[in-house]
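A, B, C and D label the chains in the order they appear, each numbered from 1.
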Amino acid sequence: MSRLNSGGGRLRLPGPDLGLELCGIRLAHPVINGSGTFDAIAARRAFGEQLGERFPFSMFVSKTITPEPRAGNPPPRLYETPSGMVNSIGLPNKGLEGFLLDDLPELARLEVPLCVSVMAPSREGFATLVERVGRRDEVAAIELNVSCPNVKSGLIVGEQPSESRALCEALRPLTDKPLIVKLTPNCADPAAVAAAAAEGGADAVSLINTLRATGLDPATLRPWLGAGSGGLSGPAVRPIALDQVRRVAAAVEIPVIGMGGIESGADALAFLAEGASAIAVGTASFRDPLAADRIRAELAGELAERGLERLPPVPLASTST
Amino acid sequence: MSRLNSGGGRLRLPGPDLGLELCGIRLAHPVINGSGTFDAIAARRAFGEQLGERFPFSMFVSKTITPEPRAGNPPPRLYETPSGMVNSIGLPNKGLEGFLLDDLPELARLEVPLCVSVMAPSREGFATLVERVGRRDEVAAIELNVSCPNVKSGLIVGEQPSESRALCEALRPLTDKPLIVKLTPNCADPAAVAAAAAEGGADAVSLINTLRATGLDPATLRPWLGAGSGGLSGPAVRPIALDQVRRVAAAVEIPVIGMGGIESGADALAFLAEGASAIAVGTASFRDPLAADRIRAELAGELAERGLERLPPVPLASTST
Amino acid sequence: MTDRIPAPFGRRSCEVVANTATGGYRIVSALDREGPEPLAGQFYMLATDGWGGPGGRPYLPRAFSVAEAEPGEGAVRLDFLLEAVGPGTSRLAALALGERLLLTGPLGRPFSKPAELLSGADGAVLVGGGIGIAPLAILRRSLADAGVPQRVLLGFRDRAHSGGLELFRCSEVRTASEDGHSGHQGYVTDLLSVVLEGDDAAGAVVYACGPPAMLEAVRVLCEARGIACELAMETPMACGFGSCFGCAVPLAGGGYMRLCVDGPTVNAAEIESALVAGSGHT
Amino acid sequence: MTDRIPAPFGRRSCEVVANTATGGYRIVSALDREGPEPLAGQFYMLATDGWGGPGGRPYLPRAFSVAEAEPGEGAVRLDFLLEAVGPGTSRLAALALGERLLLTGPLGRPFSKPAELLSGADGAVLVGGGIGIAPLAILRRSLADAGVPQRVLLGFRDRAHSGGLELFRCSEVRTASEDGHSGHQGYVTDLLSVVLEGDDAAGAVVYACGPPAMLEAVRVLCEARGIACELAMETPMACGFGSCFGCAVPLAGGGYMRLCVDGPTVNAAEIESALVAGSGHT
């Protein structure tokens, strides 16, 4: 593996040009992180300055923040499943003020564009977050998390096209930063929600968030997770994610950021082929904090093997069915 | 494993009594098959008369039949995924007449109650199926498949509570045989659909059917499946299935038949603990045609270990959150 | 039609007694103490302990033609010829002596007797390519036991893909190779067309197994000459016993057959083409 | 607070050079050619090639305290004491010599120095139970190197669970066992309370690692006597480097800490209780 770790995201690599522009943001390659699956601040404590030198993501997406601080859900928060895991973390975060004060300056030290993921229980809450975060120069983009299965927010925005359109229309005027809507897989027709978000003014959509799931403690037959249930991620969900990315990409003109169980360059290429402009690595980073770097290198290899000099400009999949 | 194959479904086993009554049908144990995952007629060709002697299911559910014959989807129809598989079979079947003429008499030779799974592109089609099938004495129950991801039927019954209620209300008067509604996992709120089906007169619900999914041919980057996409099953989906069974069981009074990636007695027990009255084995039978027999034996062991003499009468889970 | 030998119901565990390299292939042998002697053309669904790997695959069992079967002391030794092309075959190729092979079978329809394909048939031509020659080994032997005169024609891409020859050690075969390393340089179907020109060809029936492109060439050759021909085909399979409907092969008359129960041996006249999407590998 | 040794960024592959049984446990040793020497209390996330099994688990890496670390020729030998309780530990326990151990680390906060826990501390009491004594082995050695007087108290359920003693071969320890097979019959906390009665206890700090119930007993004992105490705790972990927020431990003041980055060593005064849902095993 380390053989493949050829120099991290910042270096210009030999072989295919993986560079792209996403909502006007220049990215060195299409591999970013899934919100809440990589904490650059904690990782700097664990890995020291090497983190910056070999930072594997071309854009950094923060863990979702909320207007008020949240402690998160009671433990246990993790349950391992066949080829995946269920989490019930529950969006622990310092809240808007704490984030702007403590975390944002830290994250700004990263040499890649910064995307801040936000979530609120109300439209007003979202408005405050978008306005306050959008004002900061360190921030390149904002992701609207309308799809976390681990918080009971009054909103079911993510499940309903009309709600998604309305939210985007309300938030669009509040910032000129790109707005990325993070879609839920827990609905009948993600493509309809994506299309509505686009109509409402979203600049991009990202998917999938985790699938509602649970597991029992074999000893007690009670739900293992402190919160009772959580969200499934990892390779187990990849075929579901790939199908949803494909349907969404076929339904919208705006860029799609694809994720869900991506573990290899071949996986990443499949999502790009199905219409994603960029892909995110989540759970795979837990197995290897540099997984994204390996995936980026493998992706370059996959393109080179196919004699491609750059990323597929048109979704290959659009011609395939 | 063979050690555990202690005598098949018909024998009365030592240890806990696994017997139950499902919609008035007496079952020797709670392990049945998922529709379309075990063909008793073909299996008799492959395994001879042993099939009957060691038949592993306490009730047999037929592959879904439709009013007219269907050839099914073009190959390839199978795609293996991490801890699971995607299928795009497309309900090949002889149609109502062919089924009643050729298959039903053959299936009637099985010494367990028979459930016929039916699906139609219209309410009228469902009505014909229920009426004609319901008339046959060999048939103990009818499963309404409103959830197959592999046929583009005009109906989206399975996704919408109102549609499900209406369908059940229309079909209920046509037979006095139990009607089991097979729910789709591809919607935001399966519990609401289940509740509506119950209000409409359904006697039971079964879930989950497969989750919409796809995979690419690594060589061509085109969808591997001839139909472009299909449905995911196997252990990968178990945590999702268990969560939906739990929500549905909490929402309805009628029995719930749980399935989705069940591979062991411990898995089966988890579904029962979350409120299922019976469980179905699907994909696991592909790995071992007698998997259901092992699962039944392991389930008996799990109950015995816990000093239980019979199946949990009340959903343990209902007290747990 | 030759009756299939039914399989014991359920998957069983057999001891691996040999695993030898031959060219780029492996021959894996296991002792089956519970199963019957299979017929030529039948196959088994194979898996191992510890099936399932880092990527979560292999998950399903994999189908393999029996290449040879030798009844002995209270057990039948089953030989499988396999090529490591993916996670399943790689795991099987790595089986150590004493490890367990998990199998279900024998499954599927065996090869028909020559007379079942052509009344008064007086000979057989066996045509095999690459890994596909596996079922022809046991077929050759059973035809020989039945005293049927036969010619065996085998084609290979190169030396690495000619490991199957091992199974024909003590029998006379004619070979073709694309790289010319053995026998005629070219395709095995070149040899077949020559043979089919012979005036003794009239009473002969053809059995073929190999990559889809080869099978299709054989099918077309035989169709053109009105010669009875049976193909042993491959498709992806989940179950192998008719329960998943995943192994569909398009029929000439429209619709599909389930290759695992209606095949894997197929009368060439029944199918549209031997080029089935997703099937086989060379 | 003792500075943590940062880990090289990314997972690396190390050769397994020893895997020996000790009681019901295993001691697995690997040569780390790329990593630094860890400090007592730090841990590693471990996996193997072929991680992932028939049931699709283990999927995530597993956390293990380093039990001993010996710098040598261009490599550090890392020893891990492990108990096979599930798919991950079972796979690790089965590692053969020459196989690769995939690891990330050293991770987490090391044990504090006695003076950091109590200014003017003049001794240390190490309390361990079962598998939990692993990090106390390297702690004992580093305290000895620093010339800190110490007492080591170890408790075991029975002989099968006393394999960790192996790590304390050449040092003086007092033991307790529930079945009385070694030392005092009862709990190690019985020994601790006696020690804490001693008049030299005033200047001592307590380090403890073991099953949650034992840690909680130690925490309560020390709290009652106002004695500084640091616990090495366990929770399920997905990443080990602060990214998943899965390893939450409730704080006395409300809210949670991430055990992987703010621990695994925890000042007993900071937490509500050592009984964290889902954590540890005896």
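Following the convention adopted for this analysis, a residue touches a chain if its C-beta (ideal position, glycine included) is under 8 Å from a C-beta of that chain, and two chains touch if they have at least 3 such contacts.
A quick note: this is a predicted structure, and the numbers were derived from the prediction, not measured.
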| item | value |
| --- | --- |
| Identity of the chain that, by mean CA position, is farthest from chain B | D |
| Contact-richer chain pair [A-C vs A-D] | A-D |
| Distance from the mean Cα position of chain D to that of chain B, given in whole angstrom | 47 |
| Rounded Å distance between chain C and chain D, as computed from the means of their C-alpha atoms | 56 |
| Separation of chain A from chain D, taking each centre as the mean of its C-alpha atoms, in whole Å | 34 |
| Where chain B touches two or more other chains, by residue | 81-84, 234-236 |
| Interface hub residues of chain C, defined as touching at least two other chains | 52, 55-56 |
| Graph class of chain-chain contacts, one of line, ring, star, complete, other | complete |
| Residues on chain A engaged by chain D in the complex (per definition of touch) | 1-2, 5, 36-39, 41-43, 45-48, 50-51, 53-54, 63, 71-72, 74-78, 80-85, 87, 89, 92, 224, 226, 234-236, 283, 285-290, 293 |
| Complex interface listing, chain A residues touching chain C | 82-83, 235-236, 263 |
| Partner chain D, residues of chain C touching it in the complex | 49-56 |
| Of all residues in chain C, those that touch chain B in their complex | 4, 6-13, 47, 52, 55-61, 102, 104, 107, 235-250, 254-256, 258, 261, 276-279 |
| Residues on chain C engaged by chain A in the complex (per definition of touch) | 55-56 |
